[in-house]
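Which chain is which? They are A, B and C, in the order written, and residues in each are numbered from 1.
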Amino acid sequence: MPGMKRAAGRVYAWLERRLQLAAPVKDAVLHPVPRNTASWWYVFGSAAFTLLFLQIFTGILLALVYVPSAGEAWNSLNVLNHQIPLGWFLRALHGWGSNFMVAIVLIHMAQVFLFGAYKFPRELTWILGVFLLLMTLGMAFSGQVLRFDQDAYWGLGIGASIVSRVPWIGGGLVHLLLGGPIIAGATLSRFFTLHVFVIPGAMLLSAFLHVWMVLKLGINEWPMPGRLVSRATYVDQYNQLTHEDGLPFVPGAFWKDLVFSGAILAAVAVCAFVFGPYGPGGQPDPSIIQTVPKPDFFFLWIYTVLSYLPPAMETPFILIAPIAGIAILLALPFYASEGEKSWHRRPVAVLVVTTVAVCWAVLTQLGTTTPWSPHMSAWSSDPIPVSRLHALTPLARAGAVVLQAKQCRNCHSIGGLGGERGPALDDVATRMTMDQLRFKVVTGGGNMPAYGKNLSPPEIEALVTFLETLHPANEPPAYDPAQQQAIEAAQPSGSAP
Amino acid sequence: MRCVAVGLAAWLAVILAGCRLAPGHPPDPDSRPDQVLDFATLYDQNCAACHGRNGQNGPAIDLGNPEYQALIDDASLRKWIANGMPGTEMPAFAQSAGGMLTDAQVDVLVAGMRKAWRAQDAFAGAAPPAYAPAAAGNAGDAQRGQQTYQVRCAGCHKAGGEDIASSTYLSLVGGQALRSIIIAGRPDIGQPDWQHDAPGGKAVTPLSAQDVDDIVTYLGTLRSAATTTVSAQGGGK
Amino acid sequence: MSEQEPMHTNEAHETAPSHPAGNDDPSVVSRRWLLLKAGLALNGLVGLALAVPVLRYLLAPWRRDASYDSWVSLGSVDGFPIGETRLAFYKNPYAQSWDGATDNVACYVRRESAGQFRVFAINCAHLGCPVRWFPQSQLFMCPCHGGVYYADGSRASGPPERGLFTYDWKIVSGNLYIDAGQMPTLSNTAKLVQISNGKGDCSCQG
């Protein structure tokens, strides 16, 4: 044993004589950090770094099998899923690793923002962090493209449609994005290049610089209300703090980073094992039009925004909002590089984070249910509840057939089945009189197309007769009081039309 | 230490042996929509909305009625599915007619319905009128049809809500559809077949083939009268 | 002690730059600097010369729309019944052998009369998702954000700001041809962006 130890020591000495890494590593490992930063709040950055390496590692493993060709990519993913032992698990690790990475990066960013860690002298660390966030999102999107299925194909179409809205050079940009005039082999090749070479390279470089600056500038101290940052005094104050109330980075703070990273890796593995890989969905064959494209989880909110924007605002919003958002993030450390760090005294910051989080959650929730999308097969697959058809007159029954056959159900649900674009029809008769129903069907309005030209008069009549039966047993259908009065007034004379 | 070793061994065993049983193991890839050849899937996606789950209790005719399945022949069933039924809301489903189903899928639907809902001896020995009218067009006598209608049908389908002799209703239901319902009935909503078509469903004699021809012809004359008035009204709007 | 501090080393570098190797003969030093500048200039020049072909290569897909388009056949006009709208497919004329199925493009052909056609792109004018034609209700519906169009392609409801994109068409010896080649987007097909609520005519003849 002692012999082996001596040999190891000799090898170490031989390597160290040439590498000379001991001193800088020791500096980095033992540099003092403020005691109260050895906190569970400070583990997200290192977890993101760990996930980056998990992604690189699993990505390289997947690249052993994946074929970046529009003709073969989908097949090779299915081979990974079904023929290579545990290929599905590697795909799942990479997919869930991506989800966790986006989530952790966002949490890390929110924490850094709330702790005021972007202030002097860490402005550049924040700016690099913003670029790292953008690159993480870029990896998530390009990764979805490499999962070359119908969602990927039509997702690219959405991307191209957005880019095409750029004034003057939109057409050229679409060609550049797609590598040609349509989504095809060249498109996949360039997204492969982005996902495998360009962005990971830039990300690794940025991440190392990011960590380098954290080591050089020190970990942001726990913000205390009233302890203001000023350019003139901050560095001295920080050094004083680390001396008087500091501890070496390793092991004082680092053990928590290690534990959290390990837990995150375990969580990724469990999710991968339990939930499995993402897709691939149907073949990327654009001649299959029975498809309902949907973006991945972290882009659902954009999908929602795009469906709710009024048409006239859409192009300006799509083109200006992302640039404005990035500009605000980049400008933040210059606008507020000094002053209060504590969230206790930064109500606007807390409000911004809360608002963004709530908006994001609501938009994502809407994006998972997509209430604005017609259900393309509802008209032929979703039956009307039997109780609604019970004891109908022949005409109303024919109206129910009209309701189904004319695709009303694609946007209107009955009994919880059908689209949600328009209001549910379960008790529509209590809301609208027969005349109003007829008018609405014929002229449309709001988000409803006008059916006047598309239905024959008997169809409209039957449809409205059926709709008139859609009310709860204990609640009569709506009626027009004025009309009712007129009828009653006319009754004595017996000449009602 | 031993616990860890046992845990690791279990994990390895799961990985090596049970990876196909893992909850995350991906399902088989979706087949192309035009390659789906499972009757239940095709029926639920394309037919269930109007004809009801299991061919019953939908607003349109109950395909699950054994008498209907016994009445109609394969060629007619295939024709209606593929090309739609003129004069009704039944749309064309075959790709050749602008629908989304391949010929093979239409065949699967026909065969599947036969297998699921055709019963041996659905008419219990009785011989119903033929599915299609004897002669092309409706060769019946409208006058006699009106009389038969008054005796056999109008008892229930009297003026008011249940009236089927209304112009609007008849514009939405073709002659063949009327004929099928008169003969096969709609047991799911309690409508009697040709043997029982009479007030209260208590007929003494079944409707003859001639009676069915006559009634359908009579209702057809009401329809054609109706379409002219309706289109005149529609033009005014 | 304090020079071990990360901050402090930083400040030290900024405040006290020292060049121990700088006390050579001034003339030699200035010559070395001149040579360094010459080296930089040479690399800059070569870099610039190399950047031109690299940029040209990178921008290769950026071409005029017309250079991608050509006339492709959708088959005999007899395949399209008068008064109906049918799904049709064509192989994109600009294609590579490794494109797989991606260059199978779908479109909708509406035959308005014996000699009058209207060919709609499958892509929704909103964000390019594949619209579905429903002959029963005579509507196109988009599965993504709920855009709806009438049979003539004009916008009926939803977020699209215009009607469906159309292809130019012609009939040569009984076959229907369309001028196709690239994914229709607002930048290559839209001549007019106008929100119309379907007055029975298409606002979007491309």
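Criterion: contacts are C-beta pairs under 8 Å (C-beta built on N, C-alpha and C of every residue); 3 or more make two chains touch, one makes a residue touch a chain.
No experiment lies behind these values; they were computed from the predicted model shown.
Common neighbours of chain A and chain C, by the contact definition above: B. Looking at contact counts per chain pair, the maximum sits at A-C.
Greatest centre-to-centre distance from chain A is found for B, with centres as Cα means. For the pair chain A and chain C, the distance between mean C-alpha positions equals 23 Å.
Computed from the mean C-alpha positions, the centre of chain B lies at a distance of 47 Å from the centre of chain C. Centres computed as Cα averages put chain A at a distance of 44 Å from chain B. For chain C, the set of residues that touch two or more other chains comprises 87, 136. Counting only residues that touch two or more partner chains, chain B has 89, 91. Residues of chain A in contact with at least two other chains: 283, 285, 290, 379, 405-406.
Residue ranges of chain B in contact with chain A, taken from their complex: 15, 19, 22-26, 28-30, 32-34, 44-50, 52-53, 57-60, 89-91, 100, 157, 161-164, 166-169, 171-173, 189, 226, 230-231, 233-234, 237. Across the interface of their complex, chain C is touched by residues 27, 31, 69-74, 121, 153-154, 157-158, 160-162, 164-166, 170-176, 178-187, 215-218, 235, 238-239, 242, 283-287, 289-293, 303, 306-307, 309, 311-312, 314-315, 372-374, 376, 379, 405-408, 410-411, 421, 444, 446-451, 453-455 of chain A.
Chain A meets chain B in the complex at residues 78, 81-82, 85-86, 88-89, 92, 272-277, 280-283, 285, 288, 290, 377-384, 386, 389, 392-395, 397-398, 400-402, 404-406, 409, 442, 456-459, 461-462. Those residues of chain C lying in contact with chain A across their complex are 2, 4-11, 58-59, 61-63, 65, 68-69, 87, 89, 92, 94-96, 98-106, 122-123, 126-130, 132, 134, 136-139, 141-146, 148, 150-151, 156-161, 181-183, 185-188, 195, 198, 200.
Chain C contributes residues 84-87, 135-136 to its touches with chain B in the complex.
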